[in-house]
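After this come two complexes, each holding chain A, first together with chain B and then together with chain C.
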Partner chain A sequence: MRYIRLYKVFLLQYLKALMQSKVDFFVGLIAFFFTQLAGIVFLYLIFEHIPNLNGWSFEQLLFIYGFAQLPRGIDHLFTDYIWMLAMRMVIRGEFDKYLLRPINPLFQLIAERFQPDAIGEILVGMILVVTSCVKMEIKIGFFNSIVFVVSIVAGAIIYTAIKLFFASIAFWTKDSIGLLQLVYETADFAKYPVSIYDKKVRFILSYIFPFAFVAFYPASYFIGKAKLLTTVGIEVLIAIITITIAYATFNKGLTIYESAGN
Partner chain B sequence: MIVVENLTKEFKSFKKYPGFKGTVKGLFTREVVGKKAVDDISFRIGEGEIVGYIGSNGAGKSTTIKMMTGILVPTSGRCVVNGIIPYEKRMENAQQIGAVFGQRTQLWWDLPLTETFSILKEIYNVSDKDFKNRMDFLDQVLNLSEFINNTVRTLSLGQRMRADLGAALLHNPKVLYLDEPTIGLDVVVKENIRLAIKEINKEYKTTVVLTTHDLGDIEELCNRIIIIDAGKKVYDGGLKNIRDTHGYMRIIDIDVKNADQIKDIDFNARFNLLTEDLKVNINGNSISVNFNRNRISASEIASLVMENATVRDMSIKDTDINQIVKKIYKNGVN
Partner chain C sequence: MDTQKKSSLRQKFKIYWPFAVSEIQGALSYRGRFYFFILARLFNIFITYFLWKAIFASSGQEIINGFTFNNMVGYIFISYIAADLINSGASRYIGYEVVDGSIAINLIRPINYRIRLFFTSLGNIICRLIMPTLPIWICYTIIRYIYAQELPPAFSTIIQFFFSLILSFLIMFLFEFCFGMLSFYTTYIWGLNVVKYSVLRFFTGELIPITFFPTVIRKALRFMPFSLMNYTPVMVYLGKISGAEYWKSIANQVLWVVLLYFLGSFLWSRAIKRLTILGG
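Now for the complex of A and B:
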């Protein structure tokens, strides 16, 4: 409870600081929106020539694409500052301040920034999911809307866990931004059906960096191509496992944190 | 209040070789070199003490402080602060300590200073009543109201340091760690900060551990100092003792129009002193005299110079802490 109140305090302060640079805020939002739009236009261009991809119709692809944006956007919205841990917090000793306050260091790291740019991502995702659902005439009932929310939350947790794990490597290597970027970019593959990829890529996306379980597998459940337990069920399990490993790694990292000279 | 026992911190790094070839070689070898930044240090600090923790750059001061604040985990040994092992129970420890690192601010850079205090109020769970009392007190000793509505990044260094000190004290910590709190500040602000620290210590019996290179800070604030060099404790005791035995050397620098006449004077014979108590260096028209102030006064030297030349400029320098530390390290203290 205390943390929720604290988060509100941090958020409010962050927004106040943000308002001082309104232009920045809107430019960020618009830029993201256009990046997303470019992605969709790309899909259209391809599908003008190929009406179906490995058994996936255009609408289904849009659904998966849009669905993939949601957990990614939520993760981006709340935990973007974890990148800073990988980039400079350890090497510059900036992490010190989090260890001097009586609240959880990870919470402080996350609460440091709220990333409104991500709203563009989430909006595009929502639009795509809704329009493709309408076109495919998928009806999402009460049960499935709960599954939908659970799946997106679990997906966001997986994103955060993977980010946190590779950012925490910085405690050992001083910075891990290159590594984190590399891993994070593999997430882009998960915007498309993994069944179009080669066996090895599919294996990596499913079990090494389980981004496929964030988007493709749960999305295929909603489309009606797969069962609940083997998609969203496994996704939730993966979320729990990855976040536990990531948080343990982060905590282990704190004990070997070396700060920096003054 | 603070117990430090055989505290050691070793930083490990991979051996590096010089040059580009060396860098490439370093990629393929994994020879670990350990450097003990803090080496087997023990001491105890009682409640309400103000202790100066000093040593030259790289002596291990900050590393010790970082272990006491819970930022770093010691390689061996232990420290206990008010019954809590800081690096094991960081959050509990954080609630009862305050820390100011002179070179690094803990304030929210983009927000007005008032906001920093209201965030800290939430972080440390300070009640409304305590908050008001503390703010009144802090405003009184640090004059925060002058700039409390300004954005932190627009504050001058002196204001920022006062703000940082205020921020570290809002939750009424039992122990206050100050790592070079007066670095880069002008004389007036330095004086204000020192007075504030004294006031806080008196009013709330706050234990203060302070590192500094400024002998003035120590003279005004500390009744006890701990000196470390190369990670080892070399002195722990009163300040008076150390000043009497080590801090007596002063340097007087005099610029004259023409030093020709001065060159002919034998200062040591004139004052009947050995070179270890009086040493004169003449370089062009500037004269630098190293002297023991227990044996001879600055005015005696100055008047002798003035009789023989026209003085343009003159200054007297205190022995700085690094020289004392160096001396102690060479000779030991007994």
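Now for the complex of A and C:
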């Protein structure tokens, strides 16, 4: 409860700052909108030449693409500051301040920034999911809406866990931004059906950096191409496992953290 | 007269060259970070590769829009290499310097800001050429030879490619300089850069060959410099632009270098005036 109250205080501060720079907010929103648009236009141009891609229709691809944006956007909205841990907090000794206050350090790290740019990402995702659902005439009932929310939350947790794990490596290596960026980039593979990749890439996406379970597998459940347990079921399981590992690594990192200087 | 001009050029070079050197040294000290960044971008190339593979398999055709699958693989990799050698990110430098105020010091110094920036960009590009672009190109060429028995293009084609690439670099640099002038008007240059990056990736042909665009857009692009930044040199490399058409493209590129040069001078003089107002 205390943490929810604290987060509210942090968030209000943010929104105040945000209102001062509305232009920045819109530029950020449009920026992400454009980034995503490029990928969609690419698919659109391609479909002038092919009836389907590896058995997937244009609408189905849009659904997967849009679906992939949602957990990513939500993770981006709330936990963007974890990047700073990977980038400079250990080198500059900035982490000290979190250890001085009687609040969970991870909570403080996350509460440090609320990233409204991500709203652009979420918006694109929602638009794509809704329009492709309408076009494909998929009706999402009560049960599936709950599954949908669960899947997106689990997906966002997987993103956060992967980010937190590789950022925590900075406690040992001082900076892990390159590594984190590399891993994060593999998430882009999951915007397309995993079936287009060869075996090795598919294995990496499913079991090493499980981004396929964030986007492609749950999306294929909603399209009606896969079963619930083997997609969203495994996704939830992976979310629990990865966040546990990541949080343990973060805590272990705290014990060896020594400030900048000596 | 002529010798005097030559010596002053050499003097100028002596003044500005250290900016390139310092950029190279800076890049060398952040090597670890840089390699990861390169790997991350290579990942993106592989996504595109697999996508095209699926696209060709699904289309049931050997040739799409004049490209065979092998052509397309060549296109993806060469446009990746070209993009790496063309984009110096000059607008980002301007953004940083405006935000942290160091632009003021640079204005007091008796040097031309644009030329200085040009040498900084040049240093950046030289670094990338040595590592990783050249090794990637060599690996690519060897792998292509083993798997597709494909030889690299003739030496003269490579020379033509490089010549066009240098002009592309100039166009991009001058464009970036113009774009960077926006930093004087907004502090949120990061967001604008993201927009620019995704728009450029599209209209320069880095993401998909321009022949895939609808005719209307293709016609509109003819009056813009974007396709000259990446698409043109890549098509030269692939041997799809040659002979008279090659020289026409080069003339077009030179025209845009001149246009963007003057546009940059104009925008710069306006932006500087604004900066003075804010300072006072």
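Following the convention adopted for this analysis, the second predicted complex is superposed on the first by the 261 of 262 C-alpha atoms of A that agree within 3 Å, B and C clash if a C-alpha of one lies under 4 Å from a C-alpha of the other, contacts with A are read in each partner's own complex, and residues count from 1 in each chain.
One rule holds in what follows: a contact is a pair of C-beta atoms (placed from the backbone, for glycine too) under 8 Å apart; a residue touches a chain by one contact, two chains touch by 3 or more.
All figures in this text were calculated on a predicted structure; none of them were measured in a lab.
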| item | value |
| --- | --- |
| Chain B versus chain C as contact partner of A:R5, first or second or both or neither | first |
| Partner chain in contact with A:T255 - chain B first, chain C second, else both or neither | first |
| In the superposition, chain B vs chain C on chain A residues touched | C |
| Complex interface listing, chain C residues touching chain A | 32-37, 39-41, 43-44, 46-47, 50-51, 53-55, 57-59, 61, 64-65, 186-188, 191-192, 194-195, 197-199, 201-202, 207-208, 212-213 |
| In the complex, chain A residues that touch chain C | 21, 23-24, 27-28, 30-32, 34-35, 37-38, 41-42, 45-46, 48-54, 117, 175, 177-179, 181-182, 184-186, 188-189, 192, 196-198, 201 |
| Partner chain B, residues of chain A touching it in the complex | 2, 5-6, 9-10, 13, 16-17, 20, 93, 96-97, 99-105, 255-259, 261-262 |
| Contact set on chain B toward chain A in their complex | 11, 58, 62, 66, 69-73, 87, 90-92, 94-95, 97, 99, 101-104, 106, 108, 110-111, 115, 118-119, 122-125, 179-180 |
